[in-house]
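Accompanying notes for the structure given below.
Chains here go by letter, A, B, C and D, matching the order in which they are written, and residues are numbered from 1 within each.
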């Protein structure tokens, strides 16, 4: 079982290294804008990854994950805005320094996750799904009503993307590399995490909570810490997203965004390593290129109504491809279900 | 005072309306253990059927009548083709599949009826306001909704608690295996139940038609609210759904009605307005969070329910 | 002073009194068997002790400590450990993984995020010992879901032992085992006798009467008799309670 | 795995690239990112149709210069909008970006275009930032500044002699701007302001509040479906006769009037354009539009048409040079030498329009609800942010 997982890890590493070269590949295709699409994919993959820590590791189905993405995104946006307006944020000056605002975004998201998690984790199952959704909705309306920061229209980063010494994020390739590296680091970190003692407890938690209690491990603190870590990583992806878009709006927190993330995870394969990444890739590519594709092959009805195909596609994957794309890709290998087995 | 009564009526009307959609949702979850995100689409189908029916016949009543078979049929089809595959799957799969279903149904509707919202107007006889108290004018149609809604609620209550089918349903929510062991044809029961839910949702959609624009995606907005209702009330219980729906209806309406003006007493105007508006749009979710924190099983959970 | 002291314990579900004015004492080091007809409330008692149920009234003293104030997840740390009637292991973990996790939990909190757990060889070799003890050392690398039912029961036992219990609550450890498997378990219990105090719930009367130091008989949530196996055999009340249920084997 | 996907995708897109390449005389490429889906979709459809009508009049040319127009739907989602514009810039290499409908899209896409050095010409959305501090030499607005029609409503209400007004808007920026705009020119007293949730569609509670407050008039800015629902419920509640309804043009376009039917009669609304404006350009526009699409144009269609005509005038002046001669093209745009369907039209220094504004009344004419101009409320009106703009 470990074999398949190690293989998967090596595969991710290898492909990841290859992908560093993607911008040149895009140039060769004379389609430089693919670079920006790809960065967006890596950023969402990161968010999906962090959600997978809850859904896949600990078995906690959070339906409000976009909240933490959004909070992280807003932190970067708001700091940049204060920098531009040369005003203070509770006495603190705004900033464009990536080294300050991105970690800060992670911290704030983490703290928010701590607060929300502390309350939500008292519930289980569908109740947990709904209460996480509830808090996400509250945050959504909170940001909508934040007139000072653009309310519903959101905030632009007037002075462009964050500044990171040695990097020029204004340049799309460097933004791409940053996103790719962030995703890589997160994956590595989460992998270490899942193999650590902490990870073992999470996996155990997913498998049999009563038993875990019976061997003297109170689940709550572990779930909470997992929740915070996931929140912080989501915050990171949010921070990157704002940079990529040079814009942030409450739309980032809308409940359908949480749905999208969940779908990426399920689509790709819950509790697997390649799953969330595959899910993000396929989901976003379909979303962006299905219309164009149909346009090209002359099915104009579908090019406008591509969801007519996308919807059944999702259903099909649920009904016939148990374990998502991951299972499809790796089905020749055994023990996908036991991918985490110690 | 008059204002307060009128707002209470509004809350009641909204609540009753939410109940119609929630009832199906909670039963379907209760007995089949299926989270059906596409329930809102059935509501949409009802609304569209009414709109189309009205365009053909020119009569609101015929439209209303058409909504029921349309919704029922759609429900039956959906249950047969998709939901049936999901009974034994976990919530995640159900969420994903029914989400796909939403996309599909919405897009289909768009193709058939276009994106521009449809609007249906009430027959003259209904589009008037009646004076129910001296000085209190209230739209007749909304009164009608309250009436029918409460009637249906009572009917459902009777169905669940005083009929054999209801007995099975109640048993099914708590001891599924036991019911199966009794040799009851669960498939039939499920289909019937699903269609019943679809009927209610469709009817709600039909009622909503003349009040709000009939457009693609109208289902989702209602859906989320209804989930809140049934979760607050306690999943799987009709009583809970009714309670939750009325509670949400009241809280939402009264929040919108009085929160802002209330805050103005303690806060400077512009703050009061925006904070009030923000709070009132959050109020529903705030309520749900509070309920779940203190009653993680909802307020009126199904007794003996094993999670 | 007994290790476990139960006094006037009450627990009712609706109208049914599953535990009715139940009092019981378990001495240090003894193997105390608890028998009784189906629905006598045996498993309920285990649940009350392990903390997954709260009594309506009564007192439970464990090791001179009021147990009712200790949350479920903490009780194992005091040395009060249960095994489950319905097999309950971590299916995706290997047998070894299951026991390792138990040992890990024994070493206090698991907020260690970086070191790879399975490289903790000291822990794993210790885990292997327990597997050996229950005769699972051959299957240590097999994921639990792939183990035979009997083997899962043995794993269950190994996990319980790994918690180094002062008092081990065994809820029908031989349920669904083949004869030779149950024989293994009986031997194991023989070995453990004296080392660990045990409360054994078991339907297999031969097993019970061959290993138990003392036996208590539970009927309708109430202990009607406690004594050595031989005393219990003579007890007429018990026979009437068991009339037609089990016949009690005569020692030869 | 994902590499494979990328390659597949790559080839697909390569195909697209080829498809758009190799036209005889290289046409001027215009990207139109607009909103065709969602409830607000009809706005984008009308802008598009109005624009393409003008192109069709010259069969494929504007100002005698061949143009290629790429139209894509942003679904009112800034994220999609950004991706589309990215594609426009990097793949299609457009030189003019237009079409944006909603003010949550423009702040995202406009800077992209401007940073890329191409021209941005808005047929609709015009947030205050770009009229003031953030105004840009390559940023033009043909429609109006976002506040304009609300300001006009304020003037209109004053001229019609209303003293006590109650204001209603969604609790978001555009909504607040709208009320601010109205108050800027309303002389009477505002007895209450109600903010509702964006996307709300049942207004029982608010209507009850209005009934209790008994204002002379109600000014509301509830875009798209929201407004329609409100108006229907408002008239169902029988309030139309007690308190007049004054709105900005958006809330009373022909589409909405058809939707609410008789409930709409008597609504006062403001606009920079109306079908009964008597000028040659308008006649031509109405004729063409009705023939081609067999429906009544909304003010959005007129804006799309004007936008195309403006571009045409500039292309004519520079002989088709856009990015080759930015300064020239910019001057030509500024000059705005085209016959607007709204009559007088010229650009202020912030390159937003200076034009006349009217109040209209909804009347039933041979079975059809329609807007009839009551009177002009402002001549050569220009927006309030022009001073903040550095351009001269």
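Going forward, a contact is a pair of C-beta atoms (placed from the backbone, for glycine too) under 8 Å apart; a residue touches a chain by one contact, two chains touch by 3 or more.
Please read these numbers as outputs of a predicted model, since none were measured by experiment.
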Innermost chain, taking as reference the mean of every protein Cα atom displayed: A
Taking each chain's C-alpha mean as its centre, the one farthest from chain A: C
Approximate Å spacing (C-alpha centroids) for the pair chain B, chain C: 49
Cα-centroid distance, chain B relative to chain D, in whole angstrom: 36
Where chain C and chain D are represented by their mean Cα positions, the distance between them in whole Å: 75
Residue numbers of chain B (touch at least two other chains): 110, 274, 277-278, 281
Residue numbers of chain D (touch at least two other chains): 171, 197
Per-residue multi-chain contacts in chain A, two or more chains: 141, 144-145, 147
Which pairs of chains touch, using the document's own definition: A-B, A-C, A-D, B-D
Chain B contact footprint on chain D (complex, rising order): 36-39, 41-42, 171, 193-197, 199, 201-202, 204-206, 208-209, 211-212, 224-225, 228-229, 232-233, 235-238, 255, 259-261, 263
Contacting residues of chain C [partner chain A, same complex]: 50, 52, 71-77, 81-82, 84, 88-94, 96-97, 100-102, 104-106, 110-118, 143, 145, 159, 163
Chain A-touching residues of chain B, taken from the complex the two chains share: 29, 35, 82, 85-86, 89, 91-93, 95-97, 99-108, 110-111, 220, 224, 227-228, 231, 235, 274-275, 277-278, 281-282, 285-286, 288-289, 292-293, 296-298, 307
Chain A residues touching chain C - in the complex, by the definition given at the top: 1, 192-193, 195-201, 203-204, 207-208, 210-219, 221-222, 225, 335, 337-338, 340-342
Residues of chain A defined as touching chain D within the complex: 11, 15, 18-19, 22, 25-26, 29-34, 36-38, 40, 141, 144-145, 147, 150-154, 156, 158, 245-247, 249, 251, 274, 277-278, 281-282, 285, 288-289, 292-293, 296, 304, 329
